[in-house]
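Shared between the two complexes below is subunit A, which has subunit B as its partner in the first and subunit C in the second.
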Partner chain A sequence: MTVATANASTVAVPSSRNSLWWDAFRRLKRSRIAVISFVVIVAYVVIALLAKFGVIFADVSVPVGAQYLPFSGDHPFGTDVLGRDVLGRAIHGAATALSVGFIASGIALLIGITLGALAGYFGGWVDNLIVWLYTTVDSIPYILLIPSLTFVLGRGLINVYIAVGVTSWVTLCRLIRGEFMKHKGRDYVLAAEVLGASHLRRIFRHILPNVAHLGFVQFGLGFVSAIKIEVILSYLGVGVDPSTPSWGIMLDDAKLELARPFWGNLIAATLFMFFLILAFNLFNDALRESLDPKLKNK
Partner chain B sequence: MVKFAHRLSGVIAFTVVAALSFSGCTKKVDDKDTTLTVPLVVNLKGLDPIQADDLYSNMVVRNVFEGLYEYHYLKRPFTLQPALAESMPEVTDNGLTVTIKLKKGIKFQDNACFPDGKGREVVADDFVYSFRRLADPKSISNGFWIFDGKIKGLNAWIDAVKTGKADYKTPIEGLQAPDKHTLVIKLVQPYYQLNYVLAMGFASVVPREAIEKYGAEFINNPVGTGPYMLEKASDWIRNSKITLKKNPNWRGQTYPSEGEPSDQAAGLLADAGKALPFADTLVFTEMIEDQPRWQNFMKGNLDFAVIPNDNYDSAIKDNKVLPELTAKGLSLDNSTAVEITYIGFNLKDPLLGKNKDLRRALSLAIDPESYIKTFDNGRGIPAQSPLPPGLEGYDPDFKNPWVQFNVAKAKEMLAKAGFPDGKGLPEFTLESLSSAKDRQIDQYFASLWSAIGVKIKSSSNTWPQFQEKIKRNEAQIFPFAWGADYPDPQNFLQLFYSKNFSPGPNDTRFSNPEFDKLYEKSLTLPSGTERTELYKKMRDIVVEENPWIFLRTRKEYRFFHAWVGNFKWNHIENAMFKYIKVDPKKRAELKGKL
Partner chain C sequence: MIPILLGVTLLTFVLFNMLMKDPASRFAGRHATVEQLATIRAELGLDRSLPEQYFLFLKQIVTLEFGRSWSTKQKISTMIDDGFSATLCVTVPPFIAAIFVSIALAMATAYRRGSWFDKSMVVACLAFLSVSSLVYILALQWGLAYKLGWFPISGWDPSWTGRWSYLILPWIILFVLSLGVDILLYRSVILDESYQDYVRTARAKGLSGVQVYSRHILKNALIPIITNVVIEMPFLITGSVLVENFFSIPGLGGLLVKALNESDLPVIKAMTVIISIAYMVFNLVADLLYSAADPRVRLG
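Our next item is the complex of A and B:
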């Protein structure tokens, strides 16, 4: 028994963390769906970056022809009300969406991990305070909380990052808190304490690497939901500034244009969103499975 | 997080499904219900006539409140007729004394503010009270400009009220009620627009009892003399709809028997002599977005609607209504509005106010022709000056040198203004409204201005917020429109008179001593060539100074259903719904088939 426990904690100490990630990567690579999804995501990122740095569709704010041109080789999704290329706007919309996904869930990750770690590690009044904070945030429906935040902050990309970021850390915080509570009493942490490691060192050097996979999975989930929130907010007119290309604004335009009928904005925004979110969801699933120690031998 | 996934698909699906479902369901329609349902394109702030300084508020307010005069429903050019007055005013003393006799037996609407809840008779003192209330600095009305500096002793009374030396009991020389049914107005100098302004909502009569009972809440509890009334406060659901019921105390009026020559053939005189109002109930529904509004109209839930720009091609071809629509019994009423739409600059802004060349550059970058093509299906007249088509002094050949789409020249002016290619300019803020169409228009302006290097950020507002920002001098650049209150272009030129600063109607804070001098002189003149010449001189100053980017005058295309009768849009008189008739049997028969 004693031997087994000792072994278990050896596996968990930081020095062997590389093998955990390597294992995960190996399992991920074996899943075809994960690989395809990853390729799709990378393709989105590459196209978005190319557009952002002006290699393709450098300026999509200028008209390229008359308004509402039908679909054609030059303009696969036609042109919008101001004669701008819809495909180009959809690609720039991808850049907007990805940036929101990345930065907003980055903010959420930072807040969630920090607060979750502090609450779980220290317990006591720190825990009470943080639990109170996240229950309060969580009790307000997102669909009311985020738009009201952007109302206060004003429209704009940066405000969307902030509004989404500061409201979507609760789940991660809760998970990390639970894990920290579990881990702080483990032998390897006690050993670190005996060796004179400070609180911060124990939190960040010892425990965090053992629970970081949760952050990874949660980051992916948060990414998808942040993209969707950006689209909703922009659709409702409280998201990005109208001059920023966004799928939400394209859908808002489509609302008027269906009467014409002009389908370009609706189809382009929906397709772009569909494939990105599908790819992300499939990849997230695969990632979670590969990082889950319980499924290790699968 | 999952909550969003559902919400998102819900939002998209709703747009599509809503469009489909409106054409699918059939519901039994009451064949005795004469309700007229009127769409409003903005949310309303309230129903106090002295606060109703916009078209939409007036469309509602004018059914509840009345003044001394109103415009004939059918006649063009627009002609005044007595409303609460018995006849047109009697002018004596070289135009300085105006005597107005009131109709006898006019009653206020029944309301809890009166003893026993029964509306009492309207007397001349009520007008004196209502005009004082308009002038009272505590009321902060946007409409006092109609009497500002015109009536003897009124401005002095305001000053005295401000210092606490006078109240509503202090007599005013120029506002007197010698008997119950006579109102005497004494003027500082002849006021040739007096009859016109007495026909505006601002000059409506309100009962003192209601103001004393409701105070600031009067805006939600209107009590007037009009053909319709807000029976109970709950009939107004904020940001949704207002239901007005027929006022049993109304003075009564009959449908006109004269009109324009073409009105006879259009069947607009068939109801001559019949008692008004025709509809028992008026419902105003606030629908900001174009498509729900239009779909509701097509389904018969609204009795008439302006055709949105996106639906135009599916309704009209080569200026003819398509047979699919005529088969459904839809008719078209088209008319040119008496208005100028523009983009206003806040001239108190340190940058925009002092730099005429900058304003010119911004104006030269805007293309009214393409605007009309992009957003109005070509239905509009590019505006060149503050004098609108259809009014005195309008010259169709007049060309404003700063209204032309000329990017090269715009860049040149921008360089002259000290900002070559926009270098050194901060980002400007364009105040706007929240609908999808408004957002598209903002983007359009932003893209034209970015072509010369000027950056614009747009800020979206509700209609009351938007107006409030402009009134409080907080808006920097704002697209706006001025529709005529009365058929005299003085109504447009007063927007540039420096004494009409906010809360008056001079929203740009335009101030030019020479303009003021000409304006004041024009006020002393009756209509005629001499005055028209002054108007043109004022026009030239405004064009030169560029406080506005002139956009266009809209040609409005309104469709109405086969069950709607006597429909002829009146661009000056907002109290027009009492004339419009709904045939409930026909509606019951046709609505199910739509």
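Our next item is the complex of A and C:
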């Protein structure tokens, strides 16, 4: 892996079919659990997109009947306090949750990789500063930091993206920093330096492809925790706007509706969340195993 | 420790004194007069320069004088005092109970690995982890307190003798919530140990399975288990935020969430800083305990 490439402009990722990525993909494909959970995740994304673009359950903010209708064929989870279809709200809640997972862990990925690469590659005061920054962020428990941040920024979906994104990059940053410290002295990087590759080129074209698998695994883990945090934030009243469909707001409604008793919001939000998180947890495990070089050829 | 402490205060300061747009008018509402706004700004110190504001904030933290809550007019230092005792009353008993129960269950599953008992435990734990903790709290509060009436639905008694009846259900809930993760983790730790050479030796000299597990494997598995217990220690401060909110317990987290809903800025600021500092202290204690438990770890 550390054989110096003759030409500094060649990318460090070997594109042959024996690459780490190709191996990982093959191993992932062999695992039945991974394939099934991937299909479930894709199904969620497709349904959420269809709902978002108005193909199914186009407008869920208008009443479709009386309030608290029981479960029926037309409305499998009944209707809520305003007479809105609970199933439609749950599907749109999936769109909200997926967007938070995707965008927030995307932001975290970007920050974590950039800062981790800079800290590990340059060392010195850059490293000290970045380590200080992430230790500080890590010292404030996320369950305080994120609600405080959305409180300061105000309620709303975009602020949830920002608050979760700028607070959940620490683990990835730590891992990437460690890997960069290991890689920067290796022969292939030194060879690139001799051939005149700039710092940025060495960081992004040479080292980064060799450590990017960490980003994938952390992205998956971050996705799950971002979804869980969105639900908690919205439940606590510091997440998305009350008019935005969200599983957290459905659970908040359910708190008062259990005494009626009306179970629609609780059951719908729980079931929708359950299958998505379970699929993600199983898929993440399989992904981590398939990208682990120690388990290669097994 | 000191630079991080300063970092935490700086981050909180940037958050509430710099990023937040005009907290005075947000608190006073749209119909506030100019004079009212000026009074609130003066009270918050917002009319001074930023370095001066930061210095005042540090002074507040050192002296623990955060002023009074906007909504209840209570002294914040008293709220913090009571909050600590309430939070620790909620978190400590289930934390300790969960350690022992999850080790026992993990041992049992690992001992019978591959059996239906082991498999169903693993599946149950995975499924358990995929449901939001909100749902468990909601369901248990509804079922055990509202429907069956075994426990008070919510409430708190500040006196030491009166508070226990309000604590039992929160204890049960926190205990149940921490089982899923720990059982899975400890099971894999114990399984890892059971493939070591010393296990084969112990078997070869004729020890029974139970003896091997209780005398040899458990002792070695305890090191990663203690690591995990230590890592989880800061949760004694932050782990009960949701439960405190559901049961209206005025612990640190419960007070914070209440303050967030009431836009009670002085309380939010004080709680964020104080909980973070407590969290750091618990982390430090955890490190010290860890080095005491494992002689191979030296604090460098």
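Note that the second predicted complex is superposed on the first by the 280 of 298 C-alpha atoms of A that agree within 3 Å, B and C clash if a C-alpha of one lies under 4 Å from a C-alpha of the other, contacts with A are read in each partner's own complex, and residues count from 1 in each chain.
Here is the rule we go by: a contact is a pair of C-beta atoms (placed from the backbone, for glycine too) under 8 Å apart; a residue touches a chain by one contact, two chains touch by 3 or more.
Everything numeric in this text was worked out from a predicted model, so none of it was measured.
> I'd like to know which partner A:Ile232 touches here: subunit B for first, subunit C for second, both or neither.
Both partners.
> For A:Trp22 in the superposed arrangement: first (subunit B), second (subunit C), both or neither?
neither
> Which partner does A:Gly222 reach: the first (subunit B), the second (subunit C), both, or neither?
In the superposition, A:Gly222 touches subunit B alone.
> Applying the touch criterion given at the start, work out whether A:Leu153 contacts subunit B, subunit C, both or neither, answering first, second, both or neither.
In the superposition, A:Leu153 contacts subunit C only.
> One more residue to check, A:Ile143. First (subunit B), second (subunit C), both or neither?
both
> In the superposed arrangement, does A:Leu256 touch subunit B (first), subunit C (second), both or neither?
first
> Tell me which partner A:Thr135 touches in the superposition: subunit B (first), subunit C (second), both or neither.
Only subunit C; A:Thr135 stays clear of subunit B.
> Can A:Thr171 be said to touch subunit B (first), subunit C (second), both, or neither?
first
> With the two structures laid over each other on chain A, which partner does A:Phe53 touch: subunit B (first), subunit C (second), both, or neither?
A:Phe53 contacts neither subunit B nor subunit C.
> What residues on subunit A does subunit C touch that subunit B touches too?
Touching subunit B in the first complex and subunit C in the second, residues 141, 143, 228, 231-232, 235, 237, 251, 254-255, 258-259, 270 of subunit A appear in both lists.
> Touching residues of subunit C toward subunit A in the complex: what are they?
3-4, 7-8, 10-12, 15-16, 19-20, 126-127, 129-132, 134-135, 138-139, 142, 146, 234, 237-238, 241-242, 245, 253, 256-257, 260-261, 263, 268, 271-272, 275-276, 279-280, 283
> Which subunit A residues qualify as touching subunit B in the complex?
Answer in residue numbers: 61-63, 67, 81-82, 141-143, 154-155, 168, 171, 221-222, 225, 228-229, 231-232, 235, 237, 241-243, 249, 251-260, 270.
> Would you tell me which residues of subunit B are touching subunit A in their complex?
My answer: residues 1, 3-5, 7-8, 11-12, 15-16, 19, 289-291, 294, 308, 310-311, 313-314, 374, 434, 436-437, 439-440, 442-444, 446-447, 450-451, 456-460.
> Which of the residues in subunit A end up touching subunit C in this complex?
Touch list, subunit A to subunit C: 132-133, 135-137, 139-141, 143-145, 147-149, 151-153, 228, 231-232, 235-238, 247-248, 251, 254-255, 258-259, 266, 269-270, 273-275, 277-278, 281-282.
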